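Can you read through this structure? Questions will come right after.
Labels for the chains are A, B, C and D, by order of writing; each one numbers its residues from 1.
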């Protein structure tokens, strides 16, 4: 696989230059361990500034852990987490949330375009209230969703109203949070704490880092003793500056947002190029950095033969992911190959 | 703190040049995620070659996770883990092993110089065998120990004989395994599988990486489905090459060993300079990269006032840690400051 | 509620005379604790004799624990358990299996009449095999099922063939195992170890005890250290004879089977009386001690007004449960009341 | 072993007549399951009346579960529980508290006569406050202690003052709570909520039941959703009346207290008879229903040869336990046998 011949995952891409530079700078001298370095403080402050509120911030290694531990801070083992049936925490974390919570159950809701509806949430909360079934306590939303769509601020507030009614805390899986902000063109606060999100897992990995997720507690009560939870769960980096310094690189001059805008734009170009081709249908509206498209099987084969790498995904459609490092040329080359095979 | 004015921790040091170079090389192009990249295969092969055996290798984020998950692969929640009362898994993992195993108990043994004796192990195994107390199943040894000493191959084999008698599996916490190999001047196999170690957690972090521990199963039965365990526990890096490529940098030309030798040599120079000074006593024999020393309180204060950073540790003695990045000049400056205050 | 005016649950009934007599006899003198009494040995031997094989037997307090701990003995936290979507372990144990296993996931299959089909099992095992999803390890069957049907020996053997192909261990939730044996009129071994069941949870509670479930391991490897697991999980009764002596009462002269036959016969009488009445439809074939029936809403109301207690259940039909203590008179009175309201 | 020839355990004794009678009465008719019966409400009300406060009450199967789940309701997996080094939860629950909490650590304090001192508690709380070690959250006291002594109300209040200072919640393991009340001759409230106890596990088993522990939350905030916790952990009895009705038998006419007084009096008679005999020394002051005594080895052998059953326990002394069913004649026979062997 030539490096750039892939739309397989935004996890395939490397470290963006600004994050790399920050890491290099952090590597020039020794620093205290376990987050007592200057970079970690700076990155946490940067996130507080970004969200324009006094939130609690923790840096963890990866998304599985960030989501699982954030959810564990909301509920106990006998509680349940409501999420969409396509939610990553259900389909691709190998039971991470169940493990971190010592047994909480995920209750699967639904809704079009990978988005939970208030009605679906209400249905799940109210269908059982006896002690023979886990009690709903958390609500998990993925922003942007697993199928590349976004919740609008209005949708989030409507969901929050249901959450309030049933005393649910709202967790946001922000594996592609940056892409959602870029797509909606809103201030980050508009789709988080101002819309009633209690805790956000903000991914740096998919945005241009080697690794590193920020768990941002807007509801600071939930963060009580969270540093102990992280330590025990193997999520306290000794040389934490190698997570936090790259985050500083992302935060400075809104690199995180530029990276997301670039990825979204590449996906838009890709979607536009694909739409209208014979036999090619977009499965979901393209709103962020992924295009979910039904491609005729021979087209898929030809593309793969030509060296293109991508996954078939939910319900068998092809998922084409762009990242900060995707190029217009790469998109155009792919489109040309598609057209050539048709 | 000027970067180099510290003997606080080998976790304060940065990324060594060879690891950095490998990371840079890995960053040149996109790569598949979740360990399917070329670097991860190369690093795992490198470790198999290093240990001269067909072991199973996994790369995890940090030592807490590596030790906790390795121990969880040995026993169940109702089993116990025998370790020295000074063992890091007991004193500094915030209950990580208990969490990963869903409740296993650590049974604390003892022995001089931070090393478990066969007698102490046998005592712990035999004092209870009823079902009202967790059943011993794992034996955890730290090599080098938390107080900077090493188990010889003979000592390890004697311990293995006890382990065999009571059907215990042997885990080695190798946070400073490289330093132990350097100190003992043995082939790595001599103090691992040839001495009956079932699973080793080989730290890269303290040896010059940003992060990344290799869990090496010599007893491959214990590794059954271990990749699922890692994933669920939030220890599967999506961009794994940023852990494994630096490991390649360490393994090539025995950088790992040179780094350890250098750190050990710095500690030796430090110990030699301190020994014999009035009121200064080494608490433990200096065998690897740490010096544990009783310093008069006024000396400690003066050093700290001069900007030196180090921790007081077990029983109140000062722990002076060297790393791959410690310099002879730094050691000599420290010694001069000590002598000046006496 | 007059005692007998209920078809709500076989859990509403009391202790049968033979179990009571055994308990009274066990109460005549002091006995060693924690299962070292004569009754526990006798009951375990009785079960080995009943099943005609050298199985391992443990007595636990209730079904939630029996099922959860038996399943935990099969798999790890990152494994999954395949069961029917109507399975009690999914719908009514409040996440007990997830808790006891520290996070295992239940994968929900289906099939008519509450019974898993081999095809459904195979589908669940094969749809995912990557490490991002829990690995199937256990297969749980309820015999008799939650909707009052039974697996035939042939059906069980066909399922075992799939289990063999995919290395699954088979757990049987025998909350109403006695009723299944009575219904099928087979030797208990025919629908357990001879059909490839690895571990059975055989309920005494629903068969006439105050409490007490026997966990019977036909696959004795799975029972390794199970007594420690029970103790840790709060399932080791100190005065165990009050569980095991009543079991002796059930086993002597096949009281367990007579109790089940009686309950099944009452349900048969009930079903026969209901079938053919206008607007009344049996939802599932009546095979054991429960009748699942669609009753017109006004009929339900009238019955409840008349003091009858029963639950509406899966999909809204009425579940009418009989037990060892149900009487023919009670059944006939109920039927008369139904007919009167029509 | 003739039934009465034992001082091995108060767990060896049977069901007292009043509990038996209540159970028989409860067995006369069907009753709703899962605690919705009249007996459970009555028993819970009885305990509220007994303690003269509006506490939350739950009935569990055994002491391991009661203690483990009560402690789990206080803290998270990364917290710690402070208890005496002789505490049953440390020495005889097979890691039950660690399991129920998913990994909490027990921190072992000390103090004479099996009782924690305020100083010991303070030492444990203050010796570590970093995130590398579990954070103390719960304090567990056994009343009466494992060596048969009692905390006075004054001692309890002094401990509560420390608990307040460090925000610890206080759990009381009341395996022999009745014996403590009888010994101290105080109102039950004096050594529970008035002394700052947050949650009490009040044992019925050792007081004359077949099984059944009441978990009594004086701090009702801790009881939030506790019924779900019980259900998930396999501690919700379907036929709960067989636990709660016997509790009604104990509560009526203060049978629980009479049973405890009787057991205490038997132990007093035993202690008085032993004291002063040559070579015989009481290890701990006799305050409740157990006598801890150093008996010469030949005396022990003779007694065992004569059919007496008792355990050697902490530090090798003989533990002689009396119960509601111990008789004066039995005590006198034992004493005669001791004197005869001297």
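The rule is simple: a contact is a pair of C-beta atoms (placed from the backbone, for glycine too) under 8 Å apart; a residue touches a chain by one contact, two chains touch by 3 or more.
Here is each chain with its UniProt name: A, B, C, D = L-threonine aldolase.
Here the structure is a predicted model, which is why all the values come from computation and not from measurement.
Colleague: Tell me which chain's centre, taken as the mean of its C-alpha atoms, is farthest from chain B.
Modeller: Centre of mass proxy via C-alpha means gives C as farthest from chain B.
Colleague: Examine where the copies chain A and chain D touch and state whether the two sides share over half of their residue numbers (same) or under half (different).
Modeller: same
Colleague: CA centre of chain A versus CA centre of chain D: separation in Å?
Modeller: Those two chain centres are 50 Å apart.
Colleague: Counting only Cα atoms for the centres, state how far chain A is from chain C in Å.
Modeller: Distance between chain centres: 43 Å.
Colleague: With chain centres taken as the means of their Cα atoms, state the distance from chain A to chain B in Å.
Modeller: Using C-alpha averages as centres, the distance is 34 Å.
Colleague: In chain A, which residues are in touch with two or more of the other chains?
Modeller: In chain A, residues 34, 77-78, 93-96, 99-100, 102-103, 131-132, 134, 228, 231-232, 236 touch at least two other chains, as defined above.
Colleague: Any idea which chain C residues touch chain A in the complex?
Modeller: 77-78, 80, 91-96, 98-105, 131-134
Colleague: Which positions of chain B touch chain A when the two form their complex?
Modeller: 1-4, 6, 8-9, 11-15, 20, 23, 26-34, 60-66, 68-69, 93-96, 99-100, 102, 205, 210-211, 228, 231-239, 242, 309, 325
Colleague: Which residues, counting only chain D, touch chain A once they are in their complex?
Modeller: Those in contact with chain A are residues 34, 76-79, 102-103, 131-132, 134-135, 225, 227-232, 236.
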